[in-house]
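Next come two complexes built around chain A: one with chain B, the other with chain C.
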Partner chain A sequence: MLDNRLIGLVLALAGVIVAPLLLPVANATELLIFALVAASANLLIGWSGLYSFGQAALFGIGGYAGGYLLANTDLALLLPVVFGGLVAAVFAVAMGAMCVRRVGIYFIMLTFAFNQLVYYIAYSWRDVTGGEDGLFGIERPGALLPGLPEIDLNVPINFYILVAVIVGLCFLALLRVVDSPLGQILLAAKDNPRRAGSVGYDIHAAQTLAFAISGFFSGIAGVLYGMVYWIMPIDAVHWLTSGYIVFMVLVGGTSSMFGPLIGATIFILLQDFFSTLWARWPLLFGAVIIAVVMFLRGGVIELVSHVRGFAARRRAMRGEAGNA
Partner chain B sequence: MLLTVEDIQTYYGNSHVLHGVDLEVGAGEVVALVGRNGAGKTTTLRSIMGLTPPRSGSVRFKDQAIAGEKPHRIARRGIAYVPESREPFSLLTVEENLTIATNPRSPWQLDQVWQWFPALKEIRDRKGGHLSGGQQQMMVIGRGLLTGPELLLLDEPSQGLAPVIVETVVEMLKDLRKSNLSVLLVEQSIGVALDLADRIYVLNEGRVALHARSEEIREDPSRLDAYLGLSAT
Partner chain C sequence: MPEAVLQAERLTKQFGAHTAVSDVSFAVAPGELLSIIGPNGAGKTTLFNLLTKDLTPSAGRIVLEGQDVTALKPHRISRLGVGRSYQITSVFQNLTVAENVWVAAYRHRHGGRFDFLRRRRAYAQLDPVVGRILENAGLESYAGMRASELSYGHQRMLEIAITLATEPRLILLDEPTSGLSQEDTRQVGEMVRRLAEQHTVVMIEHKMSVVMSISHRLIVMNFGEVIAEGEPEDVARNPEVRKAYFGTAAGV
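Up next is the complex of A and B:
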């Protein structure tokens, strides 16, 4: 288990180093940001069995809250980033506390409704969100914290490194969450909520806490997203973005926190890379979903266990041949 | 009395299952509920645990009314429920299935469970969904005890198990008797029930049809014939 985790972290680190060499730096930065959103969504989808179609609301609220501070104040960078996370977490508590009381399609519809609610607030509250035009003027302040020396984050690779560090720390924190008793309670509740309640846990409280944590990290990702192109576009809170996030989680795989990282990579390659090569790139979305559903029900991450199983069978067959 | 159940009426939808069940469990006492299939034994346990709350009647635990409370609140009061269907958390390992329930103030900790069931320790890293019926039963009993209960609701612990596993479970339950834990046991096997329990309630069509001390039944097993249709041997 630890070996798998270590291998995953090494591969993720290698990916972070290689990405800006293979992709435009802005696309590589987006990849990291969506990897964080997808991983935080997996706390709900993979660990809690809660198929939320409201993740874009959390992502967007964080982006607008932090982006508003970055556009209108001279605060050092980390304060708006944390503020965006906290505002999203507070909204996530309200959203989660209501949604977790329903299951299945009703849960999905409630999260979808919350997403649309946030979308129309963002659409109509032009003074704060910029409405349909998006929130303009988001700055990338040089200082991370007051008193620290300035780094010019308008240099793309500097900003990429900063995003990599923040996303890396958030991802490690998410790994800690899923290893904690809370992670086990969420898994137990996903498996059998009534039984988990009989063991003495308030399942709704645990799931609401998962929403809050997921919202916090999605909110941070939202603030970083606003800084990539100096604008928080209204599309970021559209339900389609929630759909894309679910796509990333499911295609990458829900059984491991590393799955969504793979899913986000596939998404960015399809959306930002192949779209420049082929105008009909959305067809690839459908093809990928069909391929995963037909052949890799647990997502692309299941390829690892398939390959390991295949290698083990090969070794066993060789051993039998040797004995014969 | 630790647990007092008075005149509970429980329904599944429109189906009236318990028609006024009364029972009591004292501190350190083992009480068995026996009866035919469909008599309402499991429903009685589920009503106490809040999984199928009674529509009327009273359930008191340590002199506090608990009927209508959520299961997790009832569990925190000191009642553990081990269901007939066992219901392991299939996504968690054996060890995680046990530690998820651990209450640091429980007199039973993980080492004690490994002592009772050494076979479980050997498969501690196996997922809960990949266990035999006997292994599941040992695990869920251990899980119940790690919550540190004062009352254990145990539903059909010997159901469908190999005789050697039943023996292990029964020995473990006898061992528990020394610890002042109260047990309300639903059991199909009258032999096991008489072996473990101080008192026996016989349920019939959702009502208590007979209440007696175990030794009274042992002296005259034919008293059960009218309700169970077999001799209590």
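Up next is the complex of A and C:
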């Protein structure tokens, strides 16, 4: 297990280094941000069995809350980033506490309803969110914390490195969460909620906490997203974005926190790269989803275990041949 | 007389027009092994579901060591020391055997705290606890296996091991030998007998060989009602019980 994780981290780091060389830097930055949202969504989908179609609401609330501060105050950068995460976490508690009381399709519909609620609030509350036009004037303050020397974050690669560090730390924190007792309890509750209750766990409370943690990291991603193009677009809170996030998680694979990183990469390649080559690129989305559902139920990350299983069998066969 | 560990007072459960459990009252004394028997559909499992609050009673009260727990949720009842195993094996299929027990042991030893800052490995003091429980259940060599890969008999043992890992004061066992071979039945029966030396146990069971040999007292249910209660020999002679079981009052 541990060496798998080490390999995953090394590969992820290599991806972070290579991405800005292959993609426009802004797109590479988006990739990291969506990777964080998708990983935080996987705490709900993969670990809790909660197929939330409301992740964009958490992403958007964080983006608006942090973006509002970045547009209207001179606070050092990390304060609005953390603020956005906290506001999203508080909302996630309210949303989670209600939604986890229903299961299956009713849960999905509730998260969807919350997403639309947030969308229409963003749409109508023009003074704060900019409504349909999006929240303009988001800055990238040079100081990370009050008193620290300034960095010129308007240089794209500097901003990219900053986002890489923040996303990296958040991802490590998510790995710790799934490694913790809470991670184990969530898996148990997903597997058999009645039994988890009968050994004494309040599973609604555990799942609400998962929502809060997921919301915190999605909110942070939202603030970073607002800084990429200096605007928080209303599309970011649309349910379609929630659908894209679920796409990233399922295509990448829910069984590991590294799956959503792969899914986000595929998504960004389709959206930002193939869209410039081919106007009908959404067709590729469909093709990818069909391919994964039909042939790779566990997502692209399953390929890794297939390959490893194959290699292990080959080794075993050679070993037997050697002994014979 | 010492205070009852568990007291059911006039428990009733209605599903629409159907009354699954009707006006059932009984008390469980400390250290007792009480068996509940009765034909299929008599309401025994429904009664258990009421006691653990997996179902909400339509009427009646549940008192646990003097405390009225009728309004509590299942996880609160569990935390008061009531452990339960299920008739249809209810383990965590996708967790390993050791993780199944770990989840229950962590809940008991650490109060079910949702710690998300430390690794599970930080709770190394649980490892010997889990190891001992697995050993007692004869499952130590399957510790790293997924529960879904266990044989049926081993899943039944794991079922009970999970229940024991919460170190309950009162254990409710729902047909612990259901679907087991004769040899496994004998083993599980022996395990329940040993359990009852240190715990208060209420057991639903069909196999008369097990019930008659280890129970201190029996409750017989039919059509949702208690039709007889008493020591095994007395109950066995009760004509109404014979009628419920064999459809006739004549001796068999």
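Please note the rule applied: the second predicted complex is superposed on the first by the 318 of 324 C-alpha atoms of A that agree within 3 Å, B and C clash if a C-alpha of one lies under 4 Å from a C-alpha of the other, contacts with A are read in each partner's own complex, and residues count from 1 in each chain.
To be clear about the criterion, a contact is a pair of C-beta atoms (placed from the backbone, for glycine too) under 8 Å apart; a residue touches a chain by one contact, two chains touch by 3 or more.
Everything numeric here is computed off the predicted structure, so don't read it as measured data.
After superposition onto chain A, the modelled positions of chain B and chain C overlap sterically.
In the superposition on chain A, A:S124 makes contact with neither chain B nor chain C. Considering which of chain B and chain C touches more of chain A, the answer is C.
When the two complexes are overlaid on their common chain A, residue A:L209 makes contact with chain C while staying clear of chain B.
Contact with both chain B and chain C is seen for A:A188 once the two complexes are overlaid on the shared chain. Legend: residue contacts after superposition of the two complexes on their common chain; A:S198 is shown touching both chain B and chain C. Once both structures are placed on chain A, chain A residues 181, 184-185, 187-188, 191-192, 194-203 are touched by chain B and, in the other complex, by chain C. The touching residues of chain A, counted against chain B in their complex, run 181, 184-185, 187-188, 190-192, 194-203.
Within the complex formed with chain A, the residues of chain B that make contact are 49, 51, 70-72, 75-76, 80-81, 83, 87, 89-92, 96, 99-101, 103, 143, 147. Of all the residues in chain A, the ones that touch chain C in their complex are 176-177, 179-185, 187-188, 191-192, 194-203, 205-206, 209, 213.
For chain C in complex with chain A, the residues that touch the partner chain are 52, 54, 73-75, 78-79, 83-84, 86, 90-95, 99, 102-104, 106-108, 110, 112-120, 123, 162-163, 165-166.
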